[in-house]
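Both complexes below contain chain A, partnered by chain B and then by chain C.
On to the complex of A and B.
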């Protein structure tokens, strides 16, 4: 009996790789190649309308240009401020809603479902909705304020630098607060009751119970929500584009509205891709930050959360 | 000084009343154990004392003060929970010191008191671990440490040992008793385990269905149960309870066999009264194998169904009047099923309860 070794694809050592092959191929073609391609184009003068420019290697010039571009840094900074404000407001509102819903005993399911309604609309539609709410001539907000006699002129909600940013953040918060509310409510449901009672007996006021027991327990859930939402908000595009288009005069420009304008309206795809890479690094930085926080918070819980 | 007084305390959940107007006076530094079967309202009572449940009716005072409307934090009590209820995100040291920190004690005091508690409970080596890194017994100890650091007016324990394995339970039971001797404080301790109640208590409160059945020292409750419930609940193996009728100065069982009415209870029973005759297994012993020579005793021959040797004694299963009964053989020899033995019934230890009310006929 000659013990001929089996062909390599039948050898045990290779089996896992062969089984993983479809997934690996899919990832390579769908994710990795486009990523590498866009990375490559960020080093070229690629313009959408001139395909041959794809081979025009410009080295780091795109990056040099965006890093010395005031508009880019404005959009970058505005994105970070936008993200910081939106996440904190959503966290506080979501926490409040979760605590309230956790308290009520009647109609809880219904409220939980109602709470999720904003998440069910397409962001574009939310954008349109708020565009009409905040419109200075025909918007219901100005209309209401004037009817109630709270303001006599038309407030330029979507034109004024601060008001326009406020309006966009408002829309974003309206749409996504429920992400926090849902996750924090799940956390509250999972929370053991005993430590709360122990804390009461140990001398805590209701606020101290919340501060020292409930909140630390919820932090892992908060950081999960923060991670999800930071990825979401860092690529915010639709609401802004619909409500203000990044204007007026770039006052509400965020990274992705700027990238879209550069890539599609100005057809400078190479430069747009360079910005997109910076934006991705920003997202990774946020994700990494929140994940570190999450792991630290979970370690506290001793694996309980 | 903290005596605890419960006056006509009622607890209702919605329309359902689960504690029916109980009265109890707990003395300063007394160790009182609430014992009773599961669901009888022990935890509810304890939680009302702690302030974790509203008092539906009646009053509870700790010291001179009625505490009905005080939140738990103002009652100056500590509680040890069945599931330990440690703060999962804090180290052992932080768990112990938390109450003091909330009470705004200075760091030096906190450290001194925490170290003192850790020393009493042998927690020194565990101070920097989190609860997840501790065993059940260690968590239990931390929970007790957290209770003692605050030097409260009273300790409340809710089945603190029921999540531990048998061996650890016995060990921790002893530690709790030692702890009480070291840290003299009023203790209210809830358990469904009558052995724990007997071993720990200065006074036992036997509860059933939201009522207090009997209050007394362990020996009192053991030797003079006021009714059949207490008689069967306290003591292991439980007291034999045999239905019978009083006729001509004898207790006649349903199969016609009879024993004389114990001399000390002669004028407590009526002719023709339906009674329950109660006798502890320790008082139903084969001739020559009793604890002490019985003074007032009766003899019956009984068939052995089963024997359980425990070493120093053997539990014997037999039937009296068609009902299973247990006896004990001290200084045991081998007993075979089917064997017939002559038994001494220690009549001076026997109990007689009225069959209708279940109450003892001995009224004093």
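On to the complex of A and C.
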């Protein structure tokens, strides 16, 4: 009796692929196909309100247009600056909060929960909250400053070139600092005690302990948090849209407020997708940078984290 | 058979409109659509909601059910409809629309000529129907109209000290302004930032484009020439833009005005910290309501100021209802939009200050206000009736209007903030608007 081989899907060497198939199919349909589709549309004159324009091939015209468009490059540059400032401020504050909470022995859990409150709000609500706080006429900040005698004019928080960007970064930092705090706190919890005690025995000052032991140990956690947040901030839209809409005069325009206006209000989806592709490259660059840093930090720690 | 019923109902509406101003919905047969579910997308917001309370009446009358798929502000609704067009999911029948937005939707909405009877259409104001027509097709049925006039705090203008001081400074009498130049003088005269402002303006999106546009026309300018070449960077354009900038520089408007939209200006005026406010009639009742407004009983109203061209500003448009070309039950949809724009429906909206599009409702509403002893609303309707009939004009009813507007307003802001001169800002906007018009096939 001949030993008939089983059908190929039952053969052992194919089993891993068959088990992975659902995941692969999901990725193909949910991520890969839309990505390819939007890449294709970035080479067409696709306008949302004219479905037939999907087949109007324009080659590199959309890219040529955005590369020669000063508004796009301002938004691009502003997004990078916005990202850099927001991430660094969030990191410093998050680190401070994590170190402080790590010192507490009583009520730590409650405090950790309270710390996460800002993360629980939808970004749109956070936007409205700060739009009201920073309103020049009826906002509580200006009213408080005037009542305390610190200011006798209406400070145009959401209009001035620097203040408007400050206000938006403030809202972003208020909402997301706890992401850093939580991740860094987890890092502090996982930290071995021995090197700390050894350092104390050797007579290190608290600053030396922090600078040469605690911080290097935390760096991998910092870079993970940075990666996550850089992706988040690079697509910042809701808060900005609610607070200033990218204005006035484009002073707070970030990539995604510009992309949304181009794609939906102006219905130029092809051009918007070209911009989105450039912004993806920005995100990839940041992610790559942080991952390189992460690997370096891990090497430095000898794979401890 | 349904067709006959509809004809009857249309005839009945028209007849009752001619016979008496008080056409009652119950006199009319709106058809029978038992077991049918009408899918609709409506504009939402405080001022639009009272009308929707009538939807249940229409359901009871016709046996149909109304499924409200979305109820959003117009900008969000616009995005949703564009997504529907792109995705091919126009599986609903009735959508809220606006004269400024309608041209960009192309053929997704059907021509209502022949769908809504001539007798019914004859009840609507001619200008409102004309503005609802795109490329010869009546793509929407006007629900109510908007145009802005100038509200002011009476006591500020009647104060003897103010009168004397103004005359001494500017050389003419203090009275509600007739021209934009006078309005600028008075706004600067009244301003005392940060506690009190002369006036304010909406500072972003199509809102500020519209304000600029109506002042441009009032000053004798135009957005485009007859060949659709942008011409708003003219002398009239620069003068109009300079008006905004001068007020902003003089702190006669709130510093945050460039982020303001309609709610901010309306609530600002009601807070009693602004002397003059150009706004639509929808706020009238609110401004004069002691529960909401600090200036109730002290509100005056005059027509929008004139420009150098001797023309009054009259940027106008209508909120409307449209029926999709893909609608599976046109009769039911027609019955629904007819019902929501009939005499009684418009009376409900008129009582909050919204401007009716049926000629007969103007007089009926005024009669009702007079009977209720609400002289203020009678005055409001008199003023707006005049401006609707003499001053109203729409932005160009072309598909790329919103896109052109998106090129204009950031430049207006830049000039107001002093980042470029008004001439530079308008030149740049005109250049970009030209590209938009070129892409859209107008040039």
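Here are some notes:
Following the convention adopted for this analysis, the second predicted complex is superposed on the first by the 304 of 305 C-alpha atoms of A that agree within 3 Å, B and C clash if a C-alpha of one lies under 4 Å from a C-alpha of the other, contacts with A are read in each partner's own complex, and residues count from 1 in each chain.
Criterion: a residue touches a chain if its C-beta (ideal position, glycine included) is under 8 Å from a C-beta of that chain, and two chains touch if they have at least 3 such contacts.
The model shown is predicted, which means the values in this text are computed figures rather than measured ones.
After superposition onto chain A, the partners chain B and chain C occupy separate space and fit alongside each other.
In the superposed model, A:267 makes contact with chain C only, not with chain B. For chain A, the partner with contacts to more residues, out of chain B and chain C, is C.
Once the two complexes are overlaid on the shared chain, A:48 sits against chain C while remaining clear of chain B.
In the superposition on chain A, A:142 makes contact with chain C only, while chain B stays out of contact range. Taking the C-alpha centre of chain A as the apex, the lines running to the C-alpha centres of chain B and chain C meet at 150 degrees, rounded to a multiple of 10.
When the two complexes are overlaid on their common chain A, residue A:216 makes contact with chain B while staying clear of chain C. In the overlay built on the shared chain, the residue A:250 is in contact with chain C alone; chain B does not reach it. Residue contacts after overlaying the shared chain place A:158 against chain C, while chain B stays out of touching range.
Contacts of A:6 after superposition on the shared chain: neither chain B nor chain C is touched.
Look at A:201: by the touch rule set out above, it reaches chain B but stays clear of chain C. Put simply, chain B and chain C get as close as 51 Å, counting only Cα atoms, in the superposed view. Chain A has no residue lying at the interface with chain B in one structure and with chain C in the other. Taken in their complex, chain A has these residues touching chain B: 192, 194-195, 197-205, 208, 212-213, 216-217, 300-304.
Chain A contributes residues 45, 48-51, 71, 135-138, 142, 146, 152-159, 244-245, 247-251, 261, 264-269 to its touches with chain C in the complex.
Residue ranges on chain B touching chain A, taken from their complex, read 50-52, 71-73, 77-79, 81, 83-89, 98-99, 102-103, 130-133, 146, 150.
For chain C in complex with chain A, the touching residues are 75, 78-79, 82-83, 85-86, 88, 104-106, 193-194, 203-205, 254-256, 258-259, 267-268, 271, 273, 399, 402-403, 406, 410-411, 413-414, 416-417, 419, 439.
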